[in-house]
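I have a structure I would like to understand better, so I am pasting it below and will then ask my questions one at a time.
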Amino acid sequence: MTAEPFLRMDGVSKRYPGVVVLHEASLEAYRGEAMALMGANGAGKSTLMNVLGGLATKESGAIFIDGQPVSLRSPREAAANGVAFVHQELSLLPTMTVAENVHADEFPVRGGLLAPEIMRRRTTELLARLGSKLPTDIRVENLSAGDRQIVEIARALRRRPRVVIFDEPTSSLTAWEKTRLFEVIAGLKRDRAAIIYITHFIDEIFATCERVTVMRNGRTVASAATDTVTSRDVVHLMLGETDNIVRLGKTPAGDAADDGGDVVLQVKDLSRANVLKNVDLTLRTGEIVGLWGLLGSGRTELLRALIGLDAIDQGELCWSRNGELLSITPRELRRFVGFVTEDRRGDGLFLPLSVETNIALPSLPALTNWLRLIVGKKLARLVHGMMERLRIKGSGPKQPVGTLSGGNQQKVVLARWLATNPRLLFLDEPTRGLDVSAKTEILKLAVEFALAGGTILIVSSALEDLMRVSDRYLVISRGSIVAKLPGATTADELKHAVSDDSSRSEFRP
Amino acid sequence: MHLQKKLVVAFLLSAILGGEAAAKDITIGFSWNQKESSLETAWEDYLKSEAKAQGEPAGVTIKWIFNVANGDPARQAANIEDLINKGVDIVMARAEDSAAISASIKAAKAANIPFITFDRASTGAKPTAHVGGDSYDQAFVAGAAFAELLKSKGVTGKCIELQGALTDVNAVNRSKGWNEAASKGGIMTVIQVPTEWNPELFRSGLTNALKAKPEANCVFAASDFAYTAIQAALEGAGRYAPTGDAKHVWLATNDLLPAAVKPMEEGYIDVSDTWDAYRQAKEAIRVAIAVAKGEDPKCAADGCLAKGRLVTPQTIGTIDNLWSRDYK
Amino acid sequence: MNPAKPPLIVSAVLSRYGFPIVLASVFVFFSVATRSFLTLANLDDMAHDMSPLIVISAAEALVVMSGKLDISVGSVAFLSASLASLAMRDYGVDPIAALLIALAAGGLLGAVNGAIVVALRVNALIATLGTMIMFRGVALELTDAGLVPLPEKVRLLGNLSIGPLFVDIVVAAVVLITLDVVHRRTRFGRQIMAVGNSEAVASDLGIPVRSVIFRNFVLCGALAALGGVLTTLQVGAVTAYLGSGLEFNAVAVVVVGGISLFGGRGNLLYSVALGALTFETIRTGLNYYGANPYSYRLVGGAVIFIAMYADALKRGRLGQNRNVLMRG
């Protein structure tokens, strides 16, 4: 372990219009070591690495490699300075072969024609270093996610990088592929590269990294050797202090008993291989249940599985109809549930279409007349009513949704589902990317919905937001519910609940 | 008495009107869609000469205003508007766009000026009259003459029919005309080849047909505009020879366009029926004079169509007003 | 989630062997159903016929594989051939120089396409739709929409052969093989594939995406001009119909041959040869068969449909191979 950091990023700041994404962030990495970079969503870790990889420009700050200041204004410059970036979204060319992909940024040429033997030989060498025996002439689109990643890494290695950045590399890997990846990283360390490892899986950082840096709200809040911290410390650093939580809605109960309203949904033994395990839960009318877990714990997967967007291997669902709890399949349940997804711009909204169209879409059958044509008046009434109730601010119902502010966009998504009069709402990260007042408005709307008798299952990485509205908590980790906590649980207790000892693993795939 | 008075008045009126007709001066405004090929030049010359030839005996002096639109329908519409504003007595036009011309027809009607479409019919508003070529007759007459010729040479005709684009009404008419004349005249059409009016298909289709039906000894081409393609196919099959030669393939065509003139003079083409610029111009003038006099030009449902004329190697040198031979 | 599954055998066969099976069956059918289809002379003629189409389709294939489309190829062929023929007719330019004029013109027109797509960021389909109309208009102006016959000695080149092989077959083969080598074994070719896969990823990898696309269009234009020259030689003249509909044929050949319109995928040699052969077989076969002319379009459409179906089946299976990434 050398005393001097091989890579040093100092005082890096960056802002996008209206929001500061990096504020004097810093990072150090050493040769032959892996530095874990952690932080909640929006903490700035990806942006900081984008700056290092030449994909984003910084406004202030300096970067030093091997003691020399470097300017990294484009991916080419970054590569020229020995920085390789293995992205989460792999940049591979699916219809081309492994060898071609490994050489895609610089095809070797001899006398005007490609030199396939050189490509083949070099690719085989690189793959061997990574412990892979993939044939070099197979098309990348036929490879598994793990093998594709190996190809991407091989390409990065071809240029003999000195700094290698891995961005969430294990999201799509099987356990065996993960192990292989760790061996690859060990190999890179032996080659004296400096590695930066972005992840949200805490157990991984203890397995592979010598150091960890934690970021929060665009700042670097801590940096330490991994053998001097516990996972609980890390979670604490990631989430920060949660004080002065302004509660909306009713005062939370002291015990975790699910009593109160009538049962609306009962789930038993819901499982899906490698993703969810024996999930049991009960939801009642008029309550907001916070589904609390870290990224990767299976929160979104659970929501999706409940309404049949993903298949399940087993599980019983019972839904209350006319006072009786009757068996129901996830697909059938979908008709009664409004699902506000976490990516409102991606799969929540049709950005170029108007507010009116977006809101009305799932409700169209109810707005048609006997000719199956949409009745303008009914449509207008519905949309107008929603816009007022949710206080959606814009130039009018015809405004394209893409031009609204984040908060108003989120309200449009909410409006769309509320218009279908669901009894149950799933909210997945509904306050992501919103400013403080917009967050409050959304949360208030959720509370209103519950007060009117509806039920909400809410997922959020922002613990404060969750604590402002939840009547009780279901703690999820690695796909199973590990705790059911009452509404009065403190923030510390909640953080503790998710940072449990990583040696207790539920899965042996 | 009343009746007598009426008769006298009528007689006097007709004398006056008749007298006016005897010294009538009309201006025809003619809108060309474009004027860059010899066909248009020929048409214009024939129109002018026929105007004199027919006008004198009818007591009508025709003055002309011509304008050209350079292939632009909007420009043509503006040109026609110009003519209307100048107060011409009749508007004649060869439409660039058969649909767009409707607007001009309506405009002329609104100004009470008769509109005659020339060569290209309107697909929208109906004009006062339409003058064009009779494509059915073209093929029928050529077919009948061809049948006669073959009979006189003791040849049983087994023909290849090269058809035009079946979306073109002229092509459809010609196919009908040919087939009816052929069956009446004892010619067998052994194979029909669609060419979509595409010279490449003329060539390849004929090549294939010659091989598929080696017994074929004659060809009917719905148009000789792509004569060189036909020639290439025959040469490729080693059967390009003029009449009299043993290898000669009997050839009947329609249109007799400039590309076909020399081949017919040299005897490669046996029979053709013209797309007759002269007759069309003649008919146009006849119709114009009738319309100017307020008479019914007596057109058929699809217009006053001028028949083509039959031409053979014997007559091609001497036939009058053959535009494709005279205009280069 | 899957649509109703077709009978297992048919779909399995189609998606594995895809189109060659259909082609082979069609070929066999015509060989059996007519005399003389399956003869050396006919196969020779078919190859002769196909040559211009092969040249232009190969160029189009390269453009399609880069994820773009060029539907102005027919007009480029027409305009380039027109310029060359007019140069020979009006300025006495010699044939070699005229050929060079055609190729240079084609490259220039291709550059116009490339510039509009790359610099003005216009969608390729729209851009080349515009240039298709524009170039054709210019060519029609220049040739007066009439026939420009080739000088006699040049015309004879159209049927020129070296031994049993027509010269243009050799030219087409050379072009096809060369382009295949460029595609598979040069940096330019690989970069085209990369761009076809994903412009964003290619750009991230440092590939000069805009330059690649631009050069591709220039190449396509020059080859389209070559195709136009070959056609003109075969037919013996430049006519107003030259190249009309050619863009459709070129794209159809590319797609039927198995190259995906999404780009980034395909084997040039195999696909163009297969696609061109398919259309040629059908058309020639129908000629020989003496089929009802109205049936040509029906058969052509049915064949395209089957090819597309086979392609969809093949891609459907591929789609199942893709891994679904887990959400965070």
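Structural remarks
Think of it as A, B and C in the order they're written, each chain with its own count starting at 1.
What we mean here is this: a residue touches a chain if its C-beta (ideal position, glycine included) is under 8 Å from a C-beta of that chain, and two chains touch if they have at least 3 such contacts.
Since the model is a prediction, treat every value here as computed from it, not as a measurement.
For chain C, the chain whose average C-alpha position is most distant is A. Just to note, of B-C and A-C, the chains joined by more C-beta pairs in contact are B-C.
Chain C has the Cα centre that lies closest to the mean of all protein Cα atoms in view.
For the pair chain A and chain B, the distance between mean C-alpha positions equals 75 Å.
Averaging C-alpha coordinates per chain places the centre of chain B 37 Å away from that of chain C.
Centre to centre, using the average C-alpha position, chain A and chain C are separated by 46 Å. Residues of chain C that touch chain B in their complex: 34-37, 39, 41-42, 45, 49, 52, 137, 140-141, 144-147, 149-150, 155, 158-159, 231, 234-237, 239, 241-242, 244-245, 283-284, 287-290, 292-294, 296. Within the complex formed with chain C, the residues of chain A that make contact are 75-76, 79, 91-96, 100, 104-107, 109, 112-114, 116, 141-142, 144-145, 168, 171-172, 200, 275, 295-296, 300-301, 304.
Residues 181, 184-187, 190-191, 193-194, 196-198, 201-202, 204-207, 264-265, 318, 321-323, 325-328 of chain C are the ones that touch chain A when the two sit in their complex. On the side of chain B, the complex with chain C involves touching residues 34, 36-37, 71, 163, 166, 190-194, 196-200, 202-205, 207-209, 211-214, 225-226, 228-229, 231-232, 235-236, 257-259.
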